[in-house]
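The structures come next, written out as C-alpha cells.
What follows is a pair of complexes built around chain A, which joins chain B in one and chain C in the other.
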Partner chain A sequence: MIELSLQKKLQGSHGAMHLDVNLEIKEHDFVALSGKSGSGKTTLLRIIAGLEEAQGEIIVSEKIWQNSKNYLPTQKREIGFVFQDYALFANMSVLQNLLFVSEDKKLASHLLELTELTELQNRLPHTLSGGQKQRVALCRSLMRRPKILLMDEPLSALDMEMRNKLQDDILKLHKEFGTTTIMVSHDPSEIYRLANRVVMLSHGKIMQDGTPKEVLLQTKGSQKFSLKGELLDILKADVIYIGIIAIGQNIVEVVMDEAEAKTFKIGQSVHVNTKAFAPSLSH
Partner chain B sequence: MSELDFAPFLLSFKLAAITTLILFIIALPVAWWLSQTKCRCKPFVEAITSLPIVLPPSVLGFYILFALSQNSPIGAFFEQTFGIKLVFNFTGLVVASCFYSFPFMVQPLQGGFETLNKNMLEASYIAGKSRLQTLYFVALPNIKPALITAIIITFAHTVGEFGVVLMVGGSIPNETKVASVAIYEAVEIMDYKTAHIYSLIMLSLSFLVLLGVYLFNRRHNKRIGV
Partner chain C sequence: MNKIDAKVEAIESLENITVVSFSSFGQALKMMSLELDKNIKIGSKVTLGVKASSISIAKNLSTELSISNQLQTTVISVNNGILLTSIKLRFEDFILESIITLESSKRLSLHEGDTVIALIKSSDLSILEVLK
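After this line comes the complex of A and B, so read on.
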C-alpha cells in the first residue's frame, strides 16, 4: 500500500494554488493521473520522487519515505522515473545508460530484448528516434527493480503508431516487474488501455477517482453516447440552425432550433449526445 | 638570436599550468554549486567571482600585494608557520594568478552546467547516484566543450597577464619575470628586436590556442549532432 497525504503551495499559471492530495494506492495498481495542465500532476509525481519538497507524508509498504520528521532523499527511494523528454545520459550508449543505474547485465539484456533494442545497445542516444529513446528510458527506469514507477506524459511526444507500440511495452513491463505505476496522461484511449484507476486533478485537488470506465465515459442516464467537442460556428439555414462542432480530429454538424442556438456561444465546450438511436460501427 | 632568452616563456607556461590545475580543482565545485543552487546569495557569489574581470589589474594586484605582504596577518602567518614568503616570488605569482584567472575557469563551467538538461541530472539522482557521482559521470562528460574552453582560456589568460604579475612579482629573472613582463622591459630599454620576437611568439601562440578551442568545439558539436 502506498499512502500519500501531501500539501504544497504552488505558483501556477493562474496565480497561487494549493496542492492538497490524499491518496491510497494498492500495490501493483496502474494509476493514471489526469487533469488540465497546471493542475499539479507533474508536481505530485516529483514530490513522490523526492525531487520537490512538500508538507505531509509518503508511506510506501509501511516504510516512511517522508513525514514531519524524516525525509528520504531521492537516491534512497526505490523509484523509476520516465520523463517526457527521455532525459537519457547523452554521453553513454544505450547499454551504458542501463548499466549506470545498476550493474545487473542480465537484467539489462533481458529488458533490451523485451523492448527489441538489443541491436541498438551500443548506439548513443542522439542517434535514436523518439520512440527508441523512450523505450531506452523505460528500460533504464526498471533497472533498480523499483517499487514505484513514475511516468510523466511518457508518450505525448510520439506519433500514434509509436504510442501503441510503447503502450504494449509499458503494460508488459508493468506486469512482469509487478511495479506500482503512476502515469500522467491526457489521452483517454491510453488511460483506458493501461490503467485500472484514474485520478483526476483540478487546481491541486482530486476531483474524480475511479475506474477508467467510471471516470472517462461521459454518458449520463439514458444517453447512448456522448462526445466532448468545441462549438466552432453556428450557421442559420432557413428556419433551423446548424452547429459546427470539432470532436477530436473530426468536424460534425448538429441541428439546433433557435432557442438552443441562443443559449450556446461559439468557442464554448459542448457535449454531443444522443438517446434516440444506437450508433453503429462501420469500416 | 643566440642571446635570446626563452626563460620568461618557460616561466609563463609553468605559472599557467600550475594555476590552471589549482583553479580546476577549486573552481569546479564552485561552478557546479552556482549552476544548481537556488540560494538567494547566488548573485553576490557571482559578483565576487566575476570581480577580477572588471577590476583594473593594478587594483587587484595592489590588494593582493597588501594582503600577502609580511606586514599583513596572512603574509605574516605564512612566513612564521611555513617559512613561505608570498610576494616577489613564484609562489606569490601562483596565488595572485589564481585570483586573477578564477572567473575564466568558473564562468565557462557554470555556463556548461546550466545548459545541461535538468531531467538528465535528476535521472541520475533517481538512479541512486550522489551529487558527486552525478557531477563526474553525467555532468562533466556532457559539457566537454565548456570544459576545454575553461581550461584553455584560463591557461591562456594566465600566460597573458601583466599588471597583477608586475605588482605582486616584480621582475626577478627565473622567478617572476614572465613573458609579458619581459616584453615590457624590452620595450623600456628600446630593445625592439627582442620585443618583436617575444610579441610575435605570444600572438601566434594565443591565436593557435583559440583556433584549437573553436575547432574542437565545432568537431564536438558535429559529433553529438548539435
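After this line comes the complex of A and C, so read on.
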C-alpha cells in the first residue's frame, strides 16, 4: 500500500492554489493522474519522487519516505521517473544510459530485448526517433527495479502509432516488474488502455476517483454517447430543423425538432447525445 | 426531444445490458439500455426522451408488433411539408411530436382529433434525467 497525505501551497496558473491530496494506492495498481493543466498533477508526481518538498506523509509498503521528522532524498526512494522530454544523457549510448543507473548488465539486456532495442544499444540518443528515445528512457527508469514508476505525460510528444506501440511496452513492463505505476495523462484512450484507476485533480484537490469507465465515459442520463461541440448553424428543412455542429475537427449534422430549434442558439456550446444503440461503426 | 415523465417500475440486468420498465399515467413503457446510472432505482421518477423521428404512428392497429411502447394518443395538429409531416400528439399531460413522411401521413389520412397509437422501440427511448 502507498499512502499519501500531502499538502502544499502553490502558485498555479490561476493564482494561489492549495494542493491537498489524500490517496491510498494498492501495490501493482496502474493509476492515471488526470485533470486540467495547472491542477497540480506534475507537482504531486515530483513530490512523490522527492524532487519537490511538501508537508505531509508518504508511506510506501509501511516504509516512511517522508513525514514530519524524516525525509528520504530522491536517490533513496525506490522510484523510476519517465519525463515527457526523455532526459537521456546525450554523450552516452543507449546501453550506457541504462548502465549509468545500475551496473546490472543482465537486466539492461533483458529490458532492451523486451522493448526491441537490442540492435540499437550502441547508438547515441540523437540518432534515435522520439519513440525509440522514450523506450530507452522507460528501460532506464526500471534499471533499479523501482517500487513505483512515475511517468509525466510520457507519450504526449509522440504520434499516434508510436503511442500505441509504447503503450504496449509500458503495460508489458508494468506487469513484468510488478511496479505500482502513476502516470500523468490527458489522453482518454491511453488512460483506458493502461490504467485500472483514474484520479482526477482540479485546483489541487481530488475531484473524481474511480475506474476509467466510471470517470471518463461521457454520458447524459442513460445516453452513453455524449460529445461536446459547438452549434454552428440551424437550418430549416421542410418541417424539421438541422443543427450543424463542430465536434473537435469534425462537422456533424443532427436533426432537431421545432422546440429544440427554438431553445438553442447558434454559437452555443452543446452536447450531442444519443443512445449507444444508434451509432454504427465503419472503416 | 420529446419528453414523458415516468416512474421506474422494474430493472432487469444481465452483465452490461439493462431493460427498464416504467409507468406513466398507467401506461407501461420499456427501455433497452446499457449499464444504468447508480442513482436510478425502482421508484425513481425520471424524464424519458425520444426523438420525433423515432415515433411511428399506427391507426386501427390490429397486428402483433415487437415494438414495446404503444401509446394511445390524440392528434392535435398535422403540419404537412413538401416531403415530411410533423404531427403533434397528446399523450396524457405530454405533447409528443412525430416526424413521418408526407406519403405515410396521407396514407393514414391523419386529422386533428384522431385517436392513434404512437409506437416507440425500446432502444429509441432514453432517460434524460432523474427527477428529484
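Rule of thumb we're sticking to: the second predicted complex is superposed on the first by the 240 of 283 C-alpha atoms of A that agree within 3 Å, B and C clash if a C-alpha of one lies under 4 Å from a C-alpha of the other, contacts with A are read in each partner's own complex, and residues count from 1 in each chain.
Just so it is clear, a residue touches a chain if its C-beta (ideal position, glycine included) is under 8 Å from a C-beta of that chain, and two chains touch if they have at least 3 such contacts.
Since we're looking at a predicted model, the values are computed, not measured.
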| request: Using the superposition on chain A described above, determine whether A:209 touches chain B (first), chain C (second), both, or neither. | output: neither
| task | Look at A:257 in the shared chain and tell me whether it touches chain B only, chain C only, both, or neither; answer first, second, both or neither. | result | second
| task | In the overlay, answer first, second, both or neither for which of chain B and chain C A:75 touches. | result | first
| field | Superposition-derived comparison: chain B or chain C, residues of chain A touched | value | B
| query | Once the shared chain is lined up, is A:20 touching chain B (first), chain C (second), both, or neither of them? | reply | neither
| task | Jot down the residues of chain A that show up as touching in both complexes, chain B in one and chain C in the other. | result | none
| Complex interface listing, chain A residues touching chain C | 219-224, 238-240, 255, 257-260, 275-277
| What does chain A use to touch chain B in their complex? | 49, 51, 73-77, 79-81, 83, 85, 87-91, 100-102, 124, 126-127, 140-141, 143-144
| note | Within the complex, chain A is touched by chain C residues 1-2, 31-34, 36-37, 40, 46, 49, 51-53, 79-86, 97, 99, 123-124, 126-130
| In the complex of these two chains, what residues of chain B are touching chain A? | 117, 119-120, 122-130, 137-138, 141-142, 224-225
